[in-house]
Structure formats: structure tokens, C-alpha cells
Amino acid sequence: MPRPLITLTTDFGLRDPSVGSMKGVILSIFQDVTLVDLTHAIPPHAIASASYILGMASRYFPPGSIHVAVVDPGVGSARRPVVCSAGGQRYVGPDNGLFADICRRDPQWESFELAETRYCLKAPRLSPTFQGRDVFAPAAAWLARGTAPNAFGPRVTDLVGMESPKAGRGPDRRGSSLQDGEIIWVDRFGNLITGIEPSPGATDYVVSIGGKDVPLVTHYEEGPANAPAALVNSDGLVEVFVNRGDAARTLGASIGTPVALIPRRRAT
Amino acid sequence: MPRPLITLTTDFGLRDPSVGSMKGVILSIFQDVTLVDLTHAIPPHAIASASYILGMASRYFPPGSIHVAVVDPGVGSARRPVVCSAGGQRYVGPDNGLFADICRRDPQWESFELAETRYCLKAPRLSPTFQGRDVFAPAAAWLARGTAPNAFGPRVTDLVGMESPKAGRGPDRRGSSLQDGEIIWVDRFGNLITGIEPSPGATDYVVSIGGKDVPLVTHYEEGPANAPAALVNSDGLVEVFVNRGDAARTLGASIGTPVALIPRRRAT
Amino acid sequence: MPRPLITLTTDFGLRDPSVGSMKGVILSIFQDVTLVDLTHAIPPHAIASASYILGMASRYFPPGSIHVAVVDPGVGSARRPVVCSAGGQRYVGPDNGLFADICRRDPQWESFELAETRYCLKAPRLSPTFQGRDVFAPAAAWLARGTAPNAFGPRVTDLVGMESPKAGRGPDRRGSSLQDGEIIWVDRFGNLITGIEPSPGATDYVVSIGGKDVPLVTHYEEGPANAPAALVNSDGLVEVFVNRGDAARTLGASIGTPVALIPRRRAT
């Protein structure tokens, strides 16, 4: 049997020892596991960005991998801790919308509440403010050890965020866009990742952002020097970039900036 | 037998390949080991902060884990490299006060000097300036392989920092505090971790910091919006925070700022 | 058989999930591998800095380790993906000069093009812009699984950068230097690492940088307070530092600043 695999995604950063403590808890319960950091640089409390990163990265992991995600503004209040299964992967974290997009893509998704305290950290004193270490890390380790998801607690059928379909995919105000959305991530090079996955076959468009129409190309090297261009990136999403430059700085764009695909013949 | 576990804590950061080189040295001596980074973002030469982080995080690791800590302003000069055993964990690093707090908590602590050169890196040229790679990493790997601590060199009974009891726990100048101390860590969210562990049963107090008295609450969500509050955090220490805000910025506080617990009836 | 070891060196940073995705791809092909990050903080597109870091760190890893390096301004254009063997280690990445210095040190070096698409990621859609995940990560995993380097494609004998001997090692303009070079890395403490490896036996020199001559000492503690000094560092390279200070700031130096070793009797 291959060694189980647990990934970690948080807004804890790498300065603090929070991530290290979570790994200690996991390895105390089950030592024969491979641990992988997805990212710990989610902006504080940015549930939507974390959901995007998690969905993008987890698809590259072997079936049965366990992904712990802790971006949790409501820690200590009433939201439920959950385990979800979807797309052949397993997810552990707070029920605050983090897993809704991932579950919506798989009609077979299921989820259970992490209610059984016997799967939580056994400490002299459990903390109301660090469920990542006390609840989510141990649950991931018990899953890796073979505990079935439904052993943790009652089935959850009303996952937060599942009811509302993802916003911002209809035509924009101008009535002329094929699809629209917004910037959901700015990467290290200042590339602007949009939430727009172009419809199959759509190729004859430009990308409208911040009042500018930027051309669609095939790879980064094709972009004009010092001017923005767009491509469909390695995750299938429209991405705006400046060849060897910084698109976020050039366009003054950031997470939340609106974007639309406009048919090329009508481009202004 | 479970796979041995080695953690790393340094002030090297993650830009430089220093941490990677240490891991290469460890894996060259013993390949079947799990490596975990605690943090590499200790402020340069901040022995006290490293000692805090190490003590907080190591308690979540399985018994017998090996913790390498390299925060070492005196590298190349005369201080001794040591291995310490305390609280069921093992520690490797310079004898400069890093391990004093940890050993003070366990009357059974013991320590040995890393004197045997046969357990050091075999290089064409050993460096006087990178003992993390040349001395501490190999010692940790040999421990993981099963070498007994007393095989590395003579017993150390006068560990640096053991003689002086921890300062700053008596009453403050005003004569009215239950306990006082200072900020020893500022986390990513600007939360201010103090060195104060409240006496059992003490609950009827406010926290005095920078001339302000801030109320004690139970979890982050209970704190008033945009105003500082305090709680006993997941490590049992008093922590000052601003609900969904940044306490370090709000209070102008940083590592070293004095803090005191004041009885509530006397709060100003 | 010991578990295979794969290291990763990129300019991706740790904010984005790129590194996590590469690890997912590797672990999907071969799960029983140890993954180590060398650094993901190479300045964007800085091939020379990456080459230095890779050469310095990889020598500390066990024979047969696999080092994936992705610093790749030309991704999506015509440069070849390659695997190289040199110095008992294996390297995977773009043929853009990254591996030339490493191969030049070993007359037995060999290299093969990663041409066989069956060793690439099997995705619904392969990306022209993320060969780190789609080509280099899978190749490393197949090497770890035992695939021979020559199974990936045709032999490469004209590796980019091999023809030109390393520049900047001759005497400088003043005609008085023993050796000269430039700053190739600035570490976290502001220490300035030069590309100069002093000739065996050369000890009677000072280091000239930015119009200043700084003295040569043996270890950091020997340097005068608040003034620059130089030593031969743990990698055998001349390094300029300020004892408990920041040499980059003190001297206004950065990557690319020229440096020379000047005989001591002639020092101004």
C-alpha cells in the first residue's frame, strides 16, 4: 500500500510555528505519511482565494490524498468542522465555503461533521482558537490511518456555499461580453489570474480589463514587450500578463478587479 | 520501528540554500528520516524568540523527535555545540541559552558536548562559519541512526542560561500587578504573544500594555471590533489581539514591549 | 535500496501553489520518494544565480539524488528540456545555461533531451507555459522510479553555455589583482557572496569592492564592528560581511557589483 499523503493550505505564513505544530500533531498520530505544503500564504481570511488554490492544486495529487485547509475567520464560533470527499480527493477544514466549489464539480460528493472528540488532540487544555492543530490536523492523520469519513460524525448535506451558483459568469453591463469575471489571484510575477474558464471553441476574443482591451496569445514569449497580453494558462483559466514584466503593476489591477472576454471583431 | 523525525529551526530564512544543504547532509548520513521545518524566520540572532518557538512547537511532536536549532551569533567562537534530552525530546544546537528554558522544565534533563569529530561532516574543508551544516545536521542524523547522546562527547552540567531563573515574572513597578512580562513574539496577524502564563485560577484581571488596559475574553470573535482585547491562547500564554485587526499596529507594540496582568477591580 | 531523493529549485516563490502542484505530479508517478526544497526564491529569470545555488547545495546530497531546477525565461519557446548527469548527481530542467557550470566540472558529464512525450504529464490539456509541472516534475519522478536517462530522448552534446569558459576570472583593469569577479548572491544577513574561489595557497590579499579595500579574516567574529571584512566561506568562496551588520547596505553592493583580490603589500 502506498504511503498516505497529506497536504496543508493555510493563511498562517511560514514565520510562525503553527504549521510545524500541525505537522507534529499529524506525525504523533501516524508517522508513515508524506506531508506536502500547498501554500501558507493565503491572504488572511481570504476564503475565496484559498478555495481557488485548493481546487487548482489538488487535481495533481494521487487519488485518496488528504488536503487540510485552514482559512477560518470564524474559528471559535459556531461553524462546523468537516471532512469532504469529492473528485477522488479528501478535504478537511471548516465549513465556511472553502469546499463548496470543489464539491459542486462532483455529483458524488459527500461530507461529514468532525464531531467525535476522540479524534481530536488530547491535550491538558484544548484551545478554542487553534482548531487547525487541535481538530483538523488530527482528523487528517486518522483518515490517513484508515478511519472512514463517516466515523467522525453525522452526514452534512447543507455545506455552506453549495446553494449559490458561482457568480459573475453572465454577460457584463455592456451586453457585449462572451464571459466575465474578476481577478482571483495575483502570482509572484504580477500575472493576473481571472476566474474565467473560456467556453470550448471560444478563441476569437480580446480580454477587457481596467478599460483596456488586451490581445489573446498562445504563450508568454508571444506577448509584446512591456504591454499586457492574455493567454489561457496551464489551469485552463484566462490570465493577463506582461512579457517579462508585471501586469498587476502595469494595469494597477489586484484581486477583485473585473475582467470580461469581448468578441474580437467588436473590440474597441 | 517508526521512522525517526528531525525538525529544523533557524534564522537562515528560505531564500538561501542553507536549509537545503543541511537536509542534504542529514539525508547523506541517514535516508529513512522525516524532515519537518518548524520555522526559518527567527529574527537574526534572536536566541530568546527561538527558545520560545522551540519550546512551544516541540511539545506536539512524538517522543524521541530530534530538534535541530541554529540561532548562533557566536558561530566560529568558543561556545560549545551540544545535544540535550528533556521532556522526552532531543535537541541539537549551540550552547548559548537556546535550550535552558526547555531543560529547566524537566529535572531529568541531560546534555553532552558534540566533541567527537567523527560525527561531523567529512568535507575537503570544514567551515568555521557553518556549524549548522557541518556539526549540528550530522549530529542529528547520527542520533536518528541510533547513536547514543553520550557517544558524542563529555557530559555538560553547566548549560548556559540554566543558572538564572526566568526574569520578569514578579510584580511591576506599580506594585499592583498579578504577573508581568513582555512581548516575546508578534505573529503574522499582528497578535502579540506575551511570555506570561497566568497562574491557575487567575481570571479576574485585565491586561496592561502601553498604558492601556485591555479586557480579557475567551475567543477571538468575542473581542470588540477594532479595539484590543486579550485571551489565554492555545499555548497557555496571554495574547493581545484586535478582532479581525492588527494589534501590533493598533498598539504600536513589538518584541520587548512590557505587559502586566492587573486585578480587574483595580483597573483604571 | 534507499528511498530516491528529489530536490526542487525554482523562481516560483512559496505564495503560489506551483511548487505544490509539481510535488503532486511527482508523487502521482512515484510515491516512495523524499522531496526537499533547495530554494524557491531565485530572483525571477536569474539563471546565473540559480546555477550558483544549485552547484553549491547539490554537493551535499547523496549520490544519485535528482535535482529539478526551473528558472526558465524561455518557457514555451524552442529551448530543449534536458536531463544531465554530473558529479554523481542528476539534474532536470531547461537547457538554458542552468547546468553548464556543473557539467564543466565533470569530464564524464552527459545529457539527454526530454523528448519522449510518454514521460510527460497526462492531462486533458498540456500547458505550453508550465513545463515545470508538465515535463520536468514527471521526468524526475520517472528517473526516481528507475528509468535510465537515455530513455528520455537523444543525447545532447552541445549544452547551452558549455562552450564559453566562465568570465571574470582574469586580472582586473588595474593589472594588480590576483583574481576578480563579481557578487553573485546576497544572503539574508546582507553578506555578499562573490564568484571568486581563491587559488590554493593565496592568503596574503585584501578584497577590493566599491573602491574600498577590506581585510581578510578567518571567521565572522574576527571582523571589526560596523566595518566590512572578508573571509573564505563554507563553500570556499570569498564573502564580504559586516560583523553583526549588513554588508550589502554598508557598501551599497548587490548582485553584479565587481570584486577583486589585491595583494596585501600593494593594498592602498
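In order of appearance the chains are A, B and C, and numbering begins at 1 in each one.
As a convention for this text, contacts are C-beta pairs under 8 Å (C-beta built on N, C-alpha and C of every residue); 3 or more make two chains touch, one makes a residue touch a chain.
Everything numeric in this text was worked out from a predicted model, so none of it was measured.
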Chain-level touch network, classified as line, ring, star, complete or other: complete
Angle of rotation relating subunit A to subunit B [CA atoms, steps of 5 degrees]: 120
Centroid spacing, where centroids are CA-atom means, of subunit B and subunit C in whole angstrom: 32
Subunit C residues counted as touching two or more neighbouring chains: 14
Interface residues, subunit A side, partner subunit B - complex: 11-18, 20-21, 23-25, 27-28, 31-32, 35, 44-45, 73-77, 125, 127-130, 133-134
Contact footprint of subunit A on subunit B as seen in their complex: 2-3, 5, 7, 14, 34, 36-41, 53, 56-58, 60-62, 65, 185, 187-189, 218-222, 231, 233-236, 244
